[in-house]
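Note that chain A is present in both complexes that follow, paired respectively with chain B and with chain C.
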Partner chain A sequence: MAVRVAVANHKGGVGKSTTAMMLAEGLAHFHGLRVLVLDFDPQASLSAMLLSSAGVGDASRRGRSLWDLLKVMGTTQPLHLSRYITTRASDLIELRDAIDGRRVDLVASYSELLSDYPGLETSFRRRHPRTRTDVALASEIEPELAALDLSYDVILFDCPAGAVPLSQAAIRLSQVLIAPTVLDDISLRALRDFIAIMLKDDLEVYGRLADFRVAITMHVRSNPEQRQLLDQIRAGTYKLKAMRRPVGHSVSVHRAVSRSRSDAFRSAREKYADALTDVEALADELFEIITQVTGGLRQ
Partner chain B sequence: MSYSPPVDEEALYKPVHNFLEQRFQDRLRPTFGDLRHLSVITARAGGPSTGLWSKPDLCCIALWRYKYALEWRFDVHGFEVKPAARCDLTAVHEALNHTSMVHYSHLVWHKPDWNERDGKCAAILERCERHGIGLITFADERNVDTFTTRVAARRQSPTGDAVDEFIETRIKAADRKTLLDWIAELR
Partner chain C sequence: MTEKQKISPGDALSRLFEVIREEALANPRFAQRMLSAVGCQVAFVGDDAAKTADPILLAGAGDFSAFYETFSTFSEKDLKAMIGTFALGTAEDVKSIKGKAKKPAYIDLMWAGAQAKLRDRRA
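Up next is the complex of A and B:
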């Protein structure tokens, strides 16, 4: 059964999409897993990282974007989630040429969604007048995800910032939540609000998540404030469970998130350079988590 | 949890559709070129007047080209789906019948216990090979990685009018518009 992982934080700019990309590619590359990524963020950052900007436009022209999916969800037409999947979405050459099943597939977002989303949400609310939009979204997507349960090992959501229905629905559908954050006081306060207000009070999901971890991003080892905050997190001061290895703030990561063309491929070493060890560490830890959740994968 | 294979053919349409979208289309994509495709359940399309044997249960329409080539190509794949206990040589001929309207015809057989040495499996395999019908078997409809191509389909030569009629009568309007938009864009 596929494990569902949400990468979420209602604060923007903390590296959610970058973390989601590293996790998806890390799990496929280092652990041979079949990963389906759903980019629920109208900014489409993760989709552009995986497919390139031109690739995102192409996916939309082919009718394979979140926007097309949401349009159908606003009607009585049957929903076939697999129809919106772009297969082999990663530019890692090891995944393009893999014959053992390892892969990263994607339901791409599209930035046009930013302007169209309010209209889509309105038509969706009309169909479900008495149900919270996020609950209705989750209930429509759930059977489609269940139909893919044996075809993927991990289903990973990149959630938009803010307390918006797409983010809330993805969290409802997930068993594991990874919350990227940067190490500064404002971000940590926002993270605690995210847990208390959104996860505990509003969605009431915190207690039933199989695992919740914080992923520290844009980490500068030489920064004394960050070092102190990291020590406090590890000591339990913030009552947060953090992933063991922070992701460094590096040029390598900045280069990795730029895919120039949809027909350009890179090896994992070329793409991530010295950040590849961060990718491996993140993937190893998430692999441990999901192995515990399922009691072993691909049974 | 024990697994019970579906008995009803209709219960297999959506899983086969998932397979077409998630795995089959990988085989259609040239290594360096481009592919656009559309997969549709056509089993109930076209109405009862078109006959028992005349409809593929699903189809996949592919527009593709090699990177260093001038032209886009257009292929229609038809799929005849059979549950575990209801596949025999007649099914191969059902799929063969579809070659008058599609470029590639495939028999998709839910066969959890496939064995080439089994008489029935061997007979169906041989008949598919003889007539150029693709044979795809699968053990568990819930897992697209259990789908295996046993025989690759050979390209047939339906008339252009027959292909047009198939698309016009079996594909719904929104998908036909998508195809026409692609054709206009890529021409």
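Up next is the complex of A and C:
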């Protein structure tokens, strides 16, 4: 059964999409897994990282975007999530050329959703007037994900910022939650609120998650304040379980998130350069979590 | 350019560990992080204690008397430095502490500042 992982934090700009990309590609490249990514963020950052901006437009023109999916969800037509998947979405040469099934597939978002989403949500709420929108969304998507259980090892959601139904639905559907955060007081305060208000009080999912980890992003190793916070987190002061490897604030990561063209491919070493060890470390830890959740994956 | 030396694995490891040991002795913070990573708790004394202590971490244990006992061995100068390093109070807060025995007031200020940070950060 595919393990579902949400990459979520209601604070924006903390590196959710970048972390999701690193996790998806790391799991596929280093562990040979079949990963489906659902980009639930109307900003479509992750989709552009994987497909390039032109590639996102292509996916939309072919009717394979989150927008197309949500339009159908607002009607009585059957969903068939698999129709909206762009296969082999990653620009890694190793995944493009893989013959053992390892891959990253994607349900791409589309930035036009930024203006169209409120209308879609309104029509969705008309269909489900007595149910919270996120609950209704999750209940419509759940059987579609179950149908893909044998096709994928991991289904990973890139969640939008804010307490919005798409993010809430993705969290409801997931067994594992990775919350990227930057190491500063404002971000840690926001993380505290995300856990207490959204995960515990509102969605009531915190207690039933198989695992919850904080992924530290944009880490400046020479910053003494960040070093202090990292030491405190590792010592258990804030009762947060952090992934062992913080991801550095580096030129390599900046370059990795830019795919110039949809037909441009890079090796993992070329794409991530000295951040490749961070990708491997993150993927290794998520793989350990997934293995514990499932008791082992397919060979 | 010197000729490459052939050394045994044992010698290579000895040299490596010697560098690590020297760095740990010169940088107690580095020593503390290394040892914490392998689950060792080390008690630092003297100047090293001031370099490695983390008042927020200690306040997190919730025991004011243990907190007080730890920091009462530090000099006023070290306590003031710690207030600044960990942003537990402002320069005005420190200046407002008057009288001969400032240490208890500095420790109270550290405790209050650390508790405020813990309230802000803990889920």
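The rule is short, and it goes like this: the second predicted complex is superposed on the first by the 298 of 299 C-alpha atoms of A that agree within 3 Å, B and C clash if a C-alpha of one lies under 4 Å from a C-alpha of the other, contacts with A are read in each partner's own complex, and residues count from 1 in each chain.
We adopt the following convention: contacts are C-beta pairs under 8 Å (C-beta built on N, C-alpha and C of every residue); 3 or more make two chains touch, one makes a residue touch a chain.
Because the structure is a prediction, the values reported are computed rather than measured.
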item: Superposition on chain A - do chain B and chain C clash or fit; value: fit
item: Which of chain B and chain C A:Arg189 touches, first, second, both or neither; value: second
item: Contacts of A:Ala264 with chain B and chain C, given as first, second, both or neither; value: neither
item: First, second, both or neither for A:Gly63, with chain B first and chain C second; value: first
item: Partner chain in contact with A:Gly101 - chain B first, chain C second, else both or neither; value: first
item: Partner chain in contact with A:Ser82 - chain B first, chain C second, else both or neither; value: first
item: First, second, both or neither for A:Val251, with chain B first and chain C second; value: neither
item: Distance in angstrom between the closest Cα atoms of chain C and chain B, superposition on A; value: 39
item: Interface residues of chain A shared between complexes with chain B and chain C; value: none
item: Footprint of chain C on chain A - complex, ascending; value: 185, 188-189, 191-192, 195-196, 224, 228, 231-232, 234-240
item: In the complex with chain B, residue positions of chain A that touch it; value: 34, 61-63, 80, 82-83, 85, 87-88, 101, 105, 147-151, 263
item: Interface residues, chain C side, partner chain A - complex; value: 33, 36, 54, 56-57, 60, 85-86, 117-118, 120-123
item: Of chain B, residues touching chain A in the complex; value: 14-15, 17-18, 21-23, 25-26, 32, 36, 39, 67, 140, 142-145, 178, 185
